[in-house]
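Read through the structure below, which is laid out as structure tokens, and then see the notes.
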Amino acid sequence: MNPSTLIGIVASCLMLASVLLLSAESSMSFVNLPGLAIVVTGTLAATFISYPLREVLRVVRLVGIVFRREDSYVNDDIKELVDMSRLWFKGNVRAVEKALQGTRNPFLRTGVQLVIDHTKEEEIIDLLRWRIARLKARELAEAHIFRTMASYAPAFGMLGTLVGLVNMLEIMNTSNLAEIGPRMAVALLTTFYGILLANLVFKPIAVKLERRTEERLIAMNMVLEGIALMSKRRLPSFIEETLNSFMANYHDEIREVSPDKSPGNKTPGGNEAMTHA
Amino acid sequence: MNPSTLIGIVASCLMLASVLLLSAESSMSFVNLPGLAIVVTGTLAATFISYPLREVLRVVRLVGIVFRREDSYVNDDIKELVDMSRLWFKGNVRAVEKALQGTRNPFLRTGVQLVIDHTKEEEIIDLLRWRIARLKARELAEAHIFRTMASYAPAFGMLGTLVGLVNMLEIMNTSNLAEIGPRMAVALLTTFYGILLANLVFKPIAVKLERRTEERLIAMNMVLEGIALMSKRRLPSFIEETLNSFMANYHDEIREVSPDKSPGNKTPGGNEAMTHA
Amino acid sequence: MNPSTLIGIVASCLMLASVLLLSAESSMSFVNLPGLAIVVTGTLAATFISYPLREVLRVVRLVGIVFRREDSYVNDDIKELVDMSRLWFKGNVRAVEKALQGTRNPFLRTGVQLVIDHTKEEEIIDLLRWRIARLKARELAEAHIFRTMASYAPAFGMLGTLVGLVNMLEIMNTSNLAEIGPRMAVALLTTFYGILLANLVFKPIAVKLERRTEERLIAMNMVLEGIALMSKRRLPSFIEETLNSFMANYHDEIREVSPDKSPGNKTPGGNEAMTHA
Amino acid sequence: MNPSTLIGIVASCLMLASVLLLSAESSMSFVNLPGLAIVVTGTLAATFISYPLREVLRVVRLVGIVFRREDSYVNDDIKELVDMSRLWFKGNVRAVEKALQGTRNPFLRTGVQLVIDHTKEEEIIDLLRWRIARLKARELAEAHIFRTMASYAPAFGMLGTLVGLVNMLEIMNTSNLAEIGPRMAVALLTTFYGILLANLVFKPIAVKLERRTEERLIAMNMVLEGIALMSKRRLPSFIEETLNSFMANYHDEIREVSPDKSPGNKTPGGNEAMTHA
Amino acid sequence: MNPSTLIGIVASCLMLASVLLLSAESSMSFVNLPGLAIVVTGTLAATFISYPLREVLRVVRLVGIVFRREDSYVNDDIKELVDMSRLWFKGNVRAVEKALQGTRNPFLRTGVQLVIDHTKEEEIIDLLRWRIARLKARELAEAHIFRTMASYAPAFGMLGTLVGLVNMLEIMNTSNLAEIGPRMAVALLTTFYGILLANLVFKPIAVKLERRTEERLIAMNMVLEGIALMSKRRLPSFIEETLNSFMANYHDEIREVSPDKSPGNKTPGGNEAMTHA
């Protein structure tokens, strides 16, 4: 399970538990089922009107993603790609095809397949770019559903509070003032639920999905670059170095803590960059 | 009818019914016709000043779209386009023209018409791109009307509440305090209406229109790509594979659940991609 | 006069009249001249500090635009342009020059003038693009003044309310509570004025100006396209068809209600599109 | 002094004076030095943490700009540029160099210097574009400081009000209710200060700086265009006409009030445009 | 230590100290540990759910950056680059390699390494552009974490206040009214904490990180330009002049205070610009 999400959920539960058990007079004073129903039903209703059914149902799957561990396969992908480019450079098309069947990255597979089919380089790039653009559009649209829900939830929380206030004010002339406090407390709870849902559920999920998409786009662009080089029939060692150089993650591009003292790194770019990766 | 919109409307009605019937003392306490009039009249007045008459009237038609089922014709379009490219490849211009009269997609028809008229490729692309750009601009402008209305509605809701409060405070010195509660309740109702209209009507419609435009742009770009290939006189089988590859919808571009085991898919790109579509 | 603006103003007046006459105890309870002065003076003062004098004064002229009927001259412009291209194609430069003196569209005139002066195509395009870009920049800057005013007005409304509240609270210990209500009502009125000005005046004007600019940019780009074709010495009939095709306004690019049954439209693109325009 | 800023300041002072002298019970009730200190200190502290010292100190100079009269030197620049291009066209390099020493526009000087040094056209454009981009980045960053301050000020105003409310509520059980009013008034004053600073000082300055940058970018792009033409060794008269045409400021690109009746304007573009400038 | 941050922190502390010691009845009335816990735990929990663990932990390092003095190494980098280009121009590859080992800027090192390895110019530019783009994406993502935290903090502050209000209102019917004041004060403190954290900690850090990234991108683009010129084998003196011209920081591109009187600066562009740097 995703460790960061786990920490976040445990911390949220602790916070809510302490709010409910310690600060409140009775633990029931923060439970207001009709208010919760207004917030949840309203948010869902607005979401259903906003999006096609197909996309709303996808939301369930997306929540699962946030809990799942997101591993980075970039280094595996580079290795696979370099291995295939080596086979391809030797002219061993059959071996590349066999390796292709074992790869689990469909984007990489399509790209290499196009290369060994001798498709023109610009057409390969066009097709792969289109797929990157579609993945980006689709995943950002998914994250946007949660952004939209995060904007609906506090609005319906406020609606519920207005309902509670109206009900409270209606009876103000018939009852004693002592009844007003608890009724107003109940009214405020729906705002509480709306803000809680927006800031602990919908917005964090949206941010996580957006960050995940960004990571994926970097990985896919790297594969795209490798396939372009492979299509240009560059040396496999050059491809490896270039890709490693692309992935090298400097802590500070402006100033290192100490200059590199290792002598004699003459290989083109990548090699030099790798020693710092 | 659009199933998602239906679910949303039913859920909204249930929510509002339970608010009115269950929580309120009397079901009339949430009805405040002058307040509703301020919100609706104000929002409409501001919208009329903001947009030309022609565009405001179009809004009625747009609301209908949200209720209508939006089918995707992408696969039909690909089939039609590939069929025509086959006829065109065989040099059977008359048959293409006949097929053109049967197609219901005006964008596709214009494109193919230009191809069989031997218009230069870049001019075809220019004209089709212009039409895509215009559709995008027009539909986003339409969605924007609802975004604008969604920002006016709560503002006029708040205006109505201020009117109610001013009226209430004016008489505070002459009447007894017991009358204040119900009057304040009535004042708050206009804010309630404003938020309700913005979050259950205007904003969801705007989001749905925006999503629909995005889907359409993807479909039109796909047709544009097919027509460009047809104009380049590519093989119909290549066009079919490329378009199918464009439309292939991977669940996860980074990692499949299980690698593809089927051997021997050597056809250029599209074919391979189709097996996963 | 612009019919949409007229409807909007009448509706606003009705709304305000009903608020003033029907709901209020006395029609004077919504008049608070010092409060109105704070909102208007504050908004104007901030606007004067924000913009050069020249631009603020232009605002008066801009308000007039919102009231004026905005006619679309696109079809006239296409006709004029096609007529001139016909004369130009025949080599009748003198007739083109005569026609030029009759045209009322300065953008069209400059473009055709450059064509008959045998300026290079890319230089004509550069100059006309610059003029489109300048018009866009200038008109969006003008609309932005109203956006800025729409953000100042509620802020100064709130300022006025704070002034009123502070004055009210200052005397709370010396006077009886009955005086608080009317004083608070007066304080709230400035917020009322601020929201009213922002949402019924400044924001609608800004939106209308922005929409108008968009329409103009479409028309100017269309003229630019026609002049580019004229400079390339295309057939006048081709120019006409292309421009009409550009302006064709499909209700639905994806699916028509019924397919086109008219046989034998073979002319390049434009003609076919015109039958649906 | 900038007349617009002057009007704005006078209007602000009148507004504040009338608020202080006329509406308030005593003119001291709007003075709350601790509250003002919280807003100002907080805003400055947050600004110092946000920006490097160098940039914060530059702010003082920027405030001066808002007061200074901003003259437009565009016409002078065009004249200078055309004069130099005339000398340059005659091959009189020495005279151009002399003229260069008299020019006060460093951007123009660098450009012409590069031209007479026979630098390649694309390298001149590259260097001048970089300088335009840097000026834009630097000036927008400066305007952004004020935008940031405009967002800090109301936040610290609200903080001060919370401080005042907490202090007031703390003593509510020990003192009589009559003391609450004035204390709450004092608390609200910090919000008043925060909104006032943001909307009458920081935001207007930010807007003015942004507008000024836009004007400058137009002027610099115009000089860039002229230097590009000079580098291409175009006729000085052509350069003059093109630049004048660029600067021509039509009131309405779509429809003039009356068509141009003057006959026989055949010179390339610029000349025709100049008659309307 | 960063002088600007230091000033900001001292000013914040003074402001808070004066708030706590002078204005409050007792210095303890602004301490509300449960409220602070809600704000901090909630903000952190939402941040952990929003971002992968790796990125959240990086935050600690980022806070350090804000305190560290940010020196500009641009002039050193230009000097190093020009020295190396001189050696490279003389064909002394061994000396360049030696100089490379001493440089502390990894971006500069990779670029020069690629040049002396005779990599094609466009490939060098591609690789260096990718690294600039990645640095930009990574650093803006880091700054975005703080922007997100700045939006969570006030939301959880408001949540805490709602909790406090609900608790207070629950007991309103059982206790005397005198107890309400202090309880409400405690409730408001969480809003106070949320706004304080957002505006004095999270938002300033985000702004500072963003500004720092902008400065770095300018420096890296300058190095990129120098390496491109070196790869084109331009004269070292030309490279030096161009880079210095790029870095020249005019106070005013439009009008200098006094025109340059120094005669005879004929060297290409850079030289002339340097005299004003």
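Per-chain numbering from 1; labels A, B, C, D and E assigned in written order.
Please note the rule applied: contacts are C-beta pairs under 8 Å (C-beta built on N, C-alpha and C of every residue); 3 or more make two chains touch, one makes a residue touch a chain.
Model, not experiment: these values are computed from the prediction.
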Other chains in touch with both chain B and chain D: C
Steps in the shortest chain-to-chain touch route ending at chain C and beginning at chain A: 2
Angle, in degrees to the nearest 5, of the Cα rotation that carries chain C onto chain E: 145
Whole-Å gap separating chain A and chain B, where each centre is the average of the chain's CA atoms: 24
Residues on chain D engaged by chain E in the complex (per definition of touch): 34, 37-38, 41-42, 44-53, 55-56, 73, 97, 101-107, 109-110, 113-114, 117, 119, 124, 127, 130-131, 134-135, 137, 141, 148, 151-152, 155-156, 158-159, 162-173, 216, 219-220
Residues of chain C defined as touching chain B within the complex: 2-5, 7-9, 11-12, 14-15, 18-19, 22-26, 29-30, 66, 70, 178-182, 184-185, 188-189, 191-192, 195-196, 198-200, 203-205, 207-208, 211, 214, 218, 225, 242, 245-246, 250, 252-256, 258-269, 272-273, 276
